[in-house]
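In the two complexes that follow, chain A is the common piece, with chain B as its partner first and chain C second.
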Partner chain A sequence: MSPDDFTASHWYAIGRFADFPEGLSRPLRLLSQDIVAVRQGKDVKVTRADGRPCMVQARYGHVWTTLMDKPRALYDMPEFLEEGRRLVTAGAIGVLCSGLRAVENFLDMAHFPFVHTGILGIEEHPEVEKYDVSMDAERDEIWATKCCFFQPMAAATATGGQITEYKYRVPHPYSTILYKTCPIREGAWDLIGLFIQPTEEDACIAHSFVLVFDESNSDTSLLHFQQNIFLQDRMILENQVPRKLPIDPRWEMPTRADASSIAYRRWLKANGVVWGTAKLAEAA
Partner chain B sequence: MDSVVSFAGWMPAGLQNAAETGTSVRAVIFEDDIAIWRGQDGLARAWQNRCPHRGMRLSYGIVRENRLTCLYHGWTYDGTGGCAHIPAHPDLVPPKSIRAKAYGCVETGGMIWVARSESSEPPPQISGTWMPCRTMQVNRSLTGLAEVLGTGKANLALAMGAWAGQLRVAGLQGAVLLAVQPMGARGAMLHACVTGPEDLTRASDWIESLRGHLERPIAA
Partner chain C sequence: MKLYDYVLSGNCYKIRLFMAFLDLDYEKVGVDFYPGREHKSDSFLAINPLGQLPVLEDNGVVIRDAQAILVYLANRHDPSGQWWPQADHAQFAQVVQWLAFADSITGTSSAARLHDMLGYDLDIVAARAGAHRLFRILDSHLSQQEFEGHHWIAGPSPTIADIACFPYTALAGDGGIDTFYYPAIQRWIHRLTRLPRYHNMPGINVFA
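This part shows the complex of A and B:
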């Protein structure tokens, strides 16, 4: 199946600049199509199977490409221009599920006590308080705010648990950014984000980053923390049935804690997203 | 006793000891993905391997007493499949409509048998005492017990539908109860039970050689 227009109209991260060694052609998949990326000096060139070039841009620590000649603009993340932040990128991790499932998992707090036990949550504090979900109509993106959750290790320096506040942003069907209260800077937010490269309808590569005010942890420890969390998520993602995202509300049963997932599915549906979703007929 | 076992009816889903008390395991029958779990009450349950919440395989679930807790968000189901607890909303009484989809599940002949809930066939009843011996995965799809009988040194003593039967195997004192669990493109499982411990080793060797026969490329 070829991607619907909305899915096809976006830019997709395909790796970091350093992931493309000079002169070496790397065959890649994007939206069920073969593409080839090769570094030439300061640029990465991307071509389709038939040799036609794709547009490329470097942003947010990654190389982005698109299969459209007139793609939508890539969303802005003004935080990348702020002084004093550190960017750590975690590299590419392949996951056997629709990238839409991976985004939805990222928006979900209710799994913290069960999947990230002792790190992002504990079983004694599983409650998800009501939070706000809104659509930014102008930028066509979703925000979940006032998300509060009990976290046993709020920061590397903290002892004992505390309620941590989060915000989530979905500016793109395959991108999501978490804003987490910064433990060392009053009023500031640390960012953790996921750029998904959907390779097939039911397979993807996750590129992730951390953009934080942090002077105490090394890049390596930030990286390991992120990778550890994501590998726990991958075990879940590869065992959700079906691998594509069901967006028909009759199929999977949400509760109030899933308000962001409900909004995400509705937003995908309203934008005509079909590629990567499961049809009800496949449910039997 | 000639229990009819067909896809529409009861299918072998594993040896009884594959689902130990307090555990949940996965069984695939054709395209059906099934979680089989055993509570502290000793009862085995077979459910569609998909949590009604967000589709997580329930074979990864955690058994506590006679309830199954999904690994993803901790939704907890009672022994009949009804959702009893949603941790994200501890004060909420889960609506009755949230239910794991149950299969029929019985244990007889040392094996676990499942049927789709809409099946009206009576469950198999296998007389005698059977001891679980061994399960073997075969990397080839099988259409029934008959296909297995064409190979190996075994004679059918008592057919029990298309997927199971009692066999006489050379060198064994008692009979072997052999069941084929088809898994579509994933191949098949062979499950064997014996009548007593004296046959365990030989039957185990025999089923291994049977797999060898079945996986051998057919000579042109």
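This part shows the complex of A and C:
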């Protein structure tokens, strides 16, 4: 199945610049299509299987490409221009599920005490307090705000349990960014984000980053923290059935804690997203 | 003691797990194995010319190879002798044999995991088939042990052979290898995860 227009119209991260060694052609998959990326000096060139070139841009520590000739603009993250932040990119991790599933899981706080036990939650504090979900109509993106959760070790810099406030942003069907209260700088937010490269409808590669104010941890310890969390998620993601994301409201019974997931599924549906979603008929 | 460590490495995990079982304090030195390939950097190759993790440093002694580190820790820090039993010659040989077997599990099951998870370019069909061949042997051995009233790879109590074989067997699912069909392996994983001071690694299903 070829991707619907909305899915096809976006830019997708395919790796970090360092992942493309000079002169080495790397065959990649994007939206069920073969593409080839090769570094030529300061540029990465991407071509389709038939040899036609794809547009490429370098942003947010990653190389992005698109299969469209007139793609939507890639969303802005002004925080990348702020002084004093550190960027750690955590590499590309393959996951056997729809990238939409990976985004949805990222938005979900209810799994923290059970999947990230002792780090992002503890079983004694499983409650998800009411939070706000809104659509930014002008930028066509979703925001979940005032998300508060008890976390024993919210970040690599954290030294004890605390109520952490979160905001989630979904500016792209396959990108999501978490804004988390910075433990060492009042009023500032640390960013953690996922740039998903959907390879197939039910398989993806997750590129991720951490953009934080942090003076005490090495890049490697931030990396290990991030990768450990993501691998805890990976096992859960690979065991979800079906692998594609169900967006028919008749399929599942959501709770109040799922408000951001409901908004995400509605937003996908309103934009005509079909590729990567499960049809009710597949449930049987 | 200083352990050069990568959080997603099953071979590093087996050392962290054994340190926990022996209740030992140590310092972790994080290595950016992926995506940074720091284990292939000049500074790390000076520590281990093989460019592999883990590496243990203790009082000026530098030990590479996960199985060698297990042997060292057991010899030096387990006065009970339970983990590295040497009194019984046959059992001693069994432990050594299964330590070598653990390396083969790394060569197959861990390779499949690197392919599926981190995009390594290798023969995934051969890696998975090789892992299944080893898991059939391990499953049949463990079930034979159960018939003899033993719950562990080499005798009545856990040894470093169990620690050595555990991570990449329990993490096989990460590489698309289903261990559901190896019931004795499943029971052994369950028992190991219930040992005192056990701590988990992402990818291992402790609810199995």
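Please note the rule applied: the second predicted complex is superposed on the first by the 277 of 284 C-alpha atoms of A that agree within 3 Å, B and C clash if a C-alpha of one lies under 4 Å from a C-alpha of the other, contacts with A are read in each partner's own complex, and residues count from 1 in each chain.
By definition in this document, contacts are C-beta pairs under 8 Å (C-beta built on N, C-alpha and C of every residue); 3 or more make two chains touch, one makes a residue touch a chain.
Every value quoted in this text rests on a predicted model; they were computed, and no experiment measured them.
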| item | value |
| --- | --- |
| Partner chain in contact with A:Ala18 - chain B first, chain C second, else both or neither | second |
| Contacts of A:Leu96 with chain B and chain C, given as first, second, both or neither | second |
| Touched partner set for A:Ser218, first chain B, second chain C, both or neither | second |
| Chain B versus chain C as contact partner of A:Gly161, first or second or both or neither | neither |
| Contacts of A:Phe114 with chain B and chain C, given as first, second, both or neither | first |
| Partner chain(s) touched by A:Leu231 [first = chain B, second = chain C, both, neither] | second |
| Chain B contact footprint on chain A (complex, rising order) | 104, 108, 110-111, 113-115, 123, 126-128, 236, 239-242, 246, 252-258, 261 |
| Of all residues in chain A, those that touch chain C in their complex | 16, 18-19, 89-94, 96, 205, 218-221, 223-224, 227-228, 231-232, 234-235, 238 |
| Contact footprint of chain A on chain B as seen in their complex | 33, 49-50, 52-57, 60, 71-74, 86-90, 92, 97-98 |
| Footprint of chain A on chain C - complex, ascending | 6-8, 30-32, 34-36, 38, 116-119, 173-174, 176, 202-203, 205 |
